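Structure in structure tokens, see below.
All chains are identified by letter, namely A, B and C, in their written order; residue positions are counted from 1 within each chain.
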Amino acid sequence: MTVLDVPKGTIPLTHGRLPQWAPLLVGAVAIAFGGLLGVVAGGGLVAMSVVAVIVYVVALPLWSAAVENRRAAVDRFVTGLIWSAFAVACVPLVWLITMVIQNGASTINQQFLTFDMRNVIGDAQGGLYHALMGTLLITGAAALMSVPIGIFAAIYLVEYGKKNRLARVITFLVDVMTGIPSIVAGLFALALFVLIFGPAVRCGFGGSVALSLLMVPTVVRSAEEMLMLVPDDLREASYALGVPKWRTITKVVLPTALGGIVTGVVLAISRVIGETAPLLVVAGFTDSVNFDLFHGRMMTLPVFIFTQYASATPKGEAYAWGGALVLIAIVMLLNLIARVIGKIFAPKTGR
Amino acid sequence: MAKSIDVSDLDIYYGDFLAVQGVNMTIKARSVTAFIGPSGCGKSTFLRSLNRMHEVIPGARVEGKVVVDGQELYGANVDPVAVRRQIGMVFQRPNPFPTMSIYDNVLAGNRLNAKRMKRAVADEIVEKSLRGANLWNEVKDRLGKPGMGLSGGQQQRLCIARAIAVEPEVLLMDEPCSALDPISTSAIEDLIHELKTDYTIVIVTHNMQQAARVSDDTGFFNLKATGQPGHLVEFNSTQKMFANPDNDATEAYISGRFG
Amino acid sequence: MSATASQKVPRAVGDRIFSGAALAAGLFIMLALAGVFFFLALEGWPGLSAPELIYRPATDFWSYVGPLVFGTTLAAVLALVIALPFAIGIALFISHYAPRRLATPIGYVIDLLAAVPSVVYGLWGGKALSQAILPVQGWFYDHLGFLPFFKGPPSATGRTMLTAGVVLAIMILPIITAISREVFAQTPRLHQEAALALGATRWEMVRMTVFPYGRSGVVSAVMLGLGRALGETMAVAMVLSASPVVTLNLISTTNPATIASNIASSYKEATPDKQAVLIATGLVLFAFTFAVNFLARWVAGRGERRLNR
């Protein structure tokens, strides 16, 4: 029916409408249906939920098509799909975190956190102390290397390069660098060290080099954004007082942007602290504590999880979950710290 | 086609905030009605309530009645989508859809209801609407070109063509010329004059002279006091409104003593 | 006069050192990127012509890396196919459908998915998801077994390409969603209102204004997600039970490895020769992901320039 065929005269504004509570009713029916099917045909919670969702997404538009019109039905169908998409996406998150907490909590005790795996055989109690220390050392060293480089590069891009060609090229390449696979960063560090020290080299510092390669793009981008937020008026006021450019940057611009930069750095750390592949390749793994970044293999938390998992024993699996819980706790803590710092320092960034 | 609108005791709320209070008026069919008044006094809000566009903002609601040809716009089973189909709107800044050609822009509203239109039927609708908007001769050779490639005045006429292509009862215009140069403005005003033979037109304008040129009836909106809701001060034929208004505030506004 | 003259010198020096340091940092980054290529090539070069035994069961480098490239692409494409509809739906949910006050917290929840380290995803995928997916695998085999993807016979452990694809999809979902929802939220209000004023339903408005506006942003988001999926190592290594085959069969016990997962699993017992081979495959991966990311950023830049005109 085209618009030209519509009879002139009163076109009804009203048509049948589903009552406000229609979605709720259909939802209740869908859940009941899914439950019934599960009881009768015997499916788990998952099957019941899937059936309930499908019934809801299909039944409501059908009802709407009968009472309202086709377009309203399509609209309701799409709305149902979109809500389902969100619900489905939440499932793995909840599932994963629940499993980590459930399975990991029983493994964690004081010994787990303070022992290493040296000479641990059979059912003897081991721990991830060596891995924890390794992670802290390697990530710390990576941060020490990448933060100054990243911040100085951002300073170049914002304060000195402005929009010149070199700055634009660097910005573009930094963006592309955020996509480097972590294993490639690890191989790069390995290749570098092998070239200098020979093919069997493994050391914690190599892991730090790989991790800083992964951290630098994130630090540069967030520092760049923070520096750009500092209003030019502040800089000009400083120049007008006769302060040289470099002092202006260190005494005026950086302190103003500091909160945001720290947030960016903490987020970058939280992202690389869970990286396994580069550390597996360059830092290797060991059962003992090693505090020396430059000599010998160093264990890290993600690699610990991996090797425990790969051992395919029940104890290994339990230790893997325990390690996962510790790792996730650290990552979430870092994320939280980043957000808190961001909130505390927000007013100062002049936004 | 072209119906009259009866508004009784209309209050417009945004959440708990009363924006416009107690509007009573009858908009005549096949005429042009203008709303004038200082900024922020609720003219655009009221205009938008006539096609339920104010509901786009969450928490917006009305109390009172708006009746078009015997049907209440805010009745129990009324679908806002159907209301907007019958009461079209042209906005302050021209907004042709950027990814569509001129041809597709005009048909955008029609295509919502009838996916498969015979080419001949579609061509006819496009020509009819573009002629109705006084744009046909200027674009008939480039219907496939993007809508954004036209000048400001032409884009606004394209938006008008798009609005009338679905053959609404009423056409609402929210300051349609405020983003245009004087020549385009005059072209649109001539267009309004022609359109009123087929449509009921309601136009909000900041420009009093435009209201005087274009409309048959005028409504003057004002705030009751600072921080108070807006309300309709006076509603009269344009001739009377500008020569001899009933209300002192109206006279003060029209003679430029405030606003 | 003499006071200012003597003050000028240290000022100029300080500025020059500082700006020099900043420039050096910028150049260093470019060098590092070039360095990645260089060192990988240097150490990987011998891997291209190692003794034949190393490549067993393949016979030379290219027949060794071929199935790996296939596996990498298959896993990544599978992940994209699964993730894309959800990502678009969730992005729309956050930008247009969810109650406004919930939009930001919901965004946080989705971003939480990105905070989970890949090794934990691998652990969960290998232990939990692989078991839970068995009935789904069975269903595919029973009902869609005529398709090459589900030829089966279904693996009893669930450590298949299908499981790996699902885990990868969950991992790339946050990045595609984050970029898409930014783009959707930036659709000009004016166009959305124009569509609504013509009598469009919410979905019709989205189709008419939000999708066309956001097209290039979504394309770039998809490519970034693809890049991430191509390079993902641990999740795949821990989930997949791999062999050097080329097959489209998603639910059987023989699955192709990806370049990254192959490096991770073969690494422990690698001789120096094998190590060189693995580094060479890493170079192939780097070239691949670099190209994808380059293209993604270029498309995004072009889209931005077009919209800002």
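By our rule, a residue touches a chain if its C-beta (ideal position, glycine included) is under 8 Å from a C-beta of that chain, and two chains touch if they have at least 3 such contacts.
Just so it is clear, the structure is predicted and the values come from calculations on it, not from any experiment.
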| item | value |
| --- | --- |
| Graph class of chain-chain contacts, one of line, ring, star, complete, other | complete |
| By number of C-beta contact pairs, the top two chains | A-C |
| Centre distance in Å when chain A and chain B are each reduced to the mean of their C-alpha atoms | 48 |
| Approximate Å spacing (C-alpha centroids) for the pair chain A, chain C | 13 |
| Chain C, residues touching no fewer than two other chains | 201, 204 |
| Contacts with two or more other chains, residues of chain A listed in rising order | 71-72 |
| For chain B, residues contacting two or more additional chains | 81-83, 86, 112, 166 |
| In the complex with chain A, residue positions of chain C that touch it | 11, 14-15, 17-19, 21-26, 28-30, 32-33, 35-36, 39-40, 42-44, 85-86, 89-90, 92-93, 97-98, 106, 109-110, 112-113, 115-124, 126-128, 132, 135, 170, 173, 201-204, 224, 227-228, 230-234, 238, 260, 263-264, 267, 272, 275, 278-279, 282-283, 285-286, 289-290, 292-294, 296-297, 301 |
| Touch list for chain B against partner chain A, complex | 1, 68-71, 73, 75-79, 81-83, 86, 110, 112-114, 117, 121, 124-125, 165-167, 169 |
| Complex interface listing, chain C residues touching chain B | 100, 188, 190-191, 193-201, 204, 208-209, 212-213 |
| Contact footprint of chain C on chain A as seen in their complex | 46-47, 71-72, 74-75, 78-79, 81-86, 88-90, 92-93, 95-96, 99-100, 148-150, 152-153, 155-157, 159-161, 166-167, 169-170, 172-185, 187-188, 190-192, 194-195, 199-200, 213, 216, 220, 244-247, 249-250, 270, 273-277, 280-281, 302, 305-306, 309-310, 317, 320-321, 324, 327-328, 331-332, 335 |
| Complex interface listing, chain A residues touching chain B | 1-4, 6, 8, 10-17, 68, 71-72 |
